[in-house]
Amino acid sequence: MNSIIRQRLFQQIVSLAKISGRNYYIPRRALLYVPGDDPKKISKSFTLDADCIALDCEDGVAINRKENARETIRSFLDKGKPTLSRDYDLGVRINSLETPYWQEDLKACLTAKFLPDTILVPKIETDETVRLFSDELGKYIGTNQILNLIIYIESAKAFINLVDICKTTESLSKTGNFRPVCLVFGSDDFCANIGITRTEDANEVLYARQKLVLVAKAFHLQAIDMVYIKYKDLEGLKMQCQQGMRMGYTGKQVIHPGQVSVVQDAFLPSPSQIEWALGLLKSFEEHQKQGKGAFTYKGNMIDMPTMKQAENTAKLARLKTS
Amino acid sequence: MNSIIRQRLFQQIVSLAKISGRNYYIPRRALLYVPGDDPKKISKSFTLDADCIALDCEDGVAINRKENARETIRSFLDKGKPTLSRDYDLGVRINSLETPYWQEDLKACLTAKFLPDTILVPKIETDETVRLFSDELGKYIGTNQILNLIIYIESAKAFINLVDICKTTESLSKTGNFRPVCLVFGSDDFCANIGITRTEDANEVLYARQKLVLVAKAFHLQAIDMVYIKYKDLEGLKMQCQQGMRMGYTGKQVIHPGQVSVVQDAFLPSPSQIEWALGLLKSFEEHQKQGKGAFTYKGNMIDMPTMKQAENTAKLARLKTS
Amino acid sequence: MNSIIRQRLFQQIVSLAKISGRNYYIPRRALLYVPGDDPKKISKSFTLDADCIALDCEDGVAINRKENARETIRSFLDKGKPTLSRDYDLGVRINSLETPYWQEDLKACLTAKFLPDTILVPKIETDETVRLFSDELGKYIGTNQILNLIIYIESAKAFINLVDICKTTESLSKTGNFRPVCLVFGSDDFCANIGITRTEDANEVLYARQKLVLVAKAFHLQAIDMVYIKYKDLEGLKMQCQQGMRMGYTGKQVIHPGQVSVVQDAFLPSPSQIEWALGLLKSFEEHQKQGKGAFTYKGNMIDMPTMKQAENTAKLARLKTS
């Protein structure tokens, strides 16, 4: 797009965002893992412009470094979330609830001076695990505080129970102190669990990959796509980003700083998505002025999740044009 | 096939159809939408030889034309279903039960002098919606009258609840005044809901598209494939018809008169399907004569739905040869 | 791999197998069907080195030969399972529980002097069928005897009920005299049931094929892939074996002796799988020596099914190197 159109787009979005005045969603295009026991890498991660930074206690940290990771993460949280040029999500990935580490992980970050925005919980396989997490969370933070919850789906059993996991999470979040925001497709553990060998087009995981995004959307959650392991192959990364985005994924896991900008760019909305979102927001604005009843847009009844989706797209569009 | 074989095939089917004497299924290869507020297009639709004509109150009609569509459809129904050279399905697509329009839509067509064959209900997401529809239907027509019901599945939530929707529909139909006959894959709304961008091979919707046809068949329903939007590209349409038919779809939605004949041709049964159906019907005939017990064909126990499927194939084969 | 590495690998596995001392899984790469009424073919099957031989009462036997098949199978069982150069699985495929034949089939093989290892039950569609089978089994064999159960999934309805079937089977097996070991994708009946026409890449059955392997793994079962019908095309067979193995399948149905060796070779584990399994078993050995608590390997908590999987891979690796 040329700069005049981009400017006009930008102005439209700014004014519309003011009118609707809501801010439910934040984009999570690149979900970047940083080893929790490496202060240097953590510091660097704040310079990379990733939508979501996950300080890792899990796979990225050796067993004999778990305690070290907790202390390092806690000391970062004590200093407060660094202010960057734009908002981002700062999370902590704890160890799986099947391990003996997760409670200490949770304690370390929930008793820091400042809370992280988000807790990322790997290897959730049943709704019972969500209950366990919810109970533990309640020990540390009050009901006036709300943490985001990012759920990892990475085994056959988890896929069998996926709808139940989401239902229970949604239900518990109504009275609890967390809010589910994402499902993550933990493809490496998933492939190991099933015995899958992936090829470049990842056709072997198509069933699971598309089921995850469908269930995520049914529960108004973002869907984060699998890791692209060959971190030096940025062209391959871009292709897989686009493939995932076409399926409805809203972001992708990132294991190397060099992958961040490719992912952030690839998950910007397309021109047709931007047009749809702006049209919807504008139509809503006019509708509000006229005090009409049911709100429809292009023949569809518009509900709150759809409004949120439009606003999210509009926000991303602003990133594209700024 | 040459004309002698075609003639023999035709004679076989005619005689077999007489013997079995059942007529549960009618083919629904092309499901053609006609805007309910356009008398000219409605009149034209009866000349197009589509298996199923849907007079549309929903997406094809602007909001300020809804009342007009109801009146137009009603006046057509009052005149009685036009007699064409062969049988076809005449239906009305009402607005979604989430809108404020559907009850008026239903009233308009159910209080006409002659009922339509079929009601098409878009955007069904839960079995609760089916109950609501069933209750409303009961207000207008008696239990001695049976309308066909065509169900649209077009959101993530609908796919989550798909088996429940079909179970409830099957259960309600036993005492109610409707009979479920089809599931329709409402791909455009589905893609918008999930955030999917389709490519030409539609690999992005493969999970949903194949789940729908599997569930449809588990409940002995026909499965109607997605719309092919590029209505001028008849070669592309044909390819997508064949792709859907290979997956088990029995028909396809049609948004333009020019698409009808391609779709009707593409969904004719293949020679091997015809051979299977004729063999089964013939075997059944012999079996009946001999008064034997359990009926098997090529090693499979044959139940009523399979008989129906064979008869449907035989009917379509007759179209192919006539 | 060169012979020195192969020798070292072999020694490692032998010593590790001694330490862990468990033997839950046996490989089932080629599942070979032999018509139960053909003594010559049965005798030949024992020379073919297939992991699993299924003496067939079902599709491979004409209706007027069912009684003959039962007698032939019984007389083979009376002589005792032939000892071959390595262990294998000897099973009997009975007729579907929807037919009037299955009880006689079961009686014939369960009252023989020696039991088969495994009963293969086709066309299971609901968990009720598993109960029926379990009850019938209980009439013939005591609770101190355990037969393997191989379950065929081959219709839309079966896929709808797949998780329920597996849950009930798992539950019944805890007190019953059978142990579920495999799910088989009965693709030919499945395609006929849905109305699917398969192409060479089998993309039309992708949803079902990947759902089956996922559910199998969630219940710690092996997954046996579809039949490759063109039995003279060994290159095509090999391609489809590799495709299935990449998806997580552990074996394949074989309808012709000429297919056995291709399938047995194709389903050997890959070098990376062997490396993973050996590493895990070795790590477990060291862990046991040191008397540590929770056992993790490469960041994952290792549970019993994963140990079994590693041992199975190690066994197959031994076949590869011997």
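So that you can tell them apart, the chains are marked A, B and C in the order they are listed, and the count of residues begins at 1 in each.
Everything below uses one rule, namely that a residue touches a chain if its C-beta (ideal position, glycine included) is under 8 Å from a C-beta of that chain, and two chains touch if they have at least 3 such contacts.
All figures in this text were calculated on a predicted structure; none of them were measured in a lab.
The angle of the rotation carrying chain B onto chain C, fitted on C-alpha atoms and rounded to the nearest 5, is 120°. Taking shared numbers over all numbers used, the chain A to chain B interface scores under half, which places it in the different class. Separating the centre of chain A from that of chain B, both taken as means of CA atoms, is a distance of 40 Å.
In chain A, the residues touching two or more other chains are 206-207.
Across the interface of their complex, chain B is touched by residues 58-59, 63, 96, 98-100, 155-157, 159-160, 189, 192-199, 203-204, 206-208 of chain C. For chain C in complex with chain A, the touching residues are 163, 206-207, 210-211, 213-218, 245-248, 250, 270, 273, 276, 293-294, 296, 299-301, 309.
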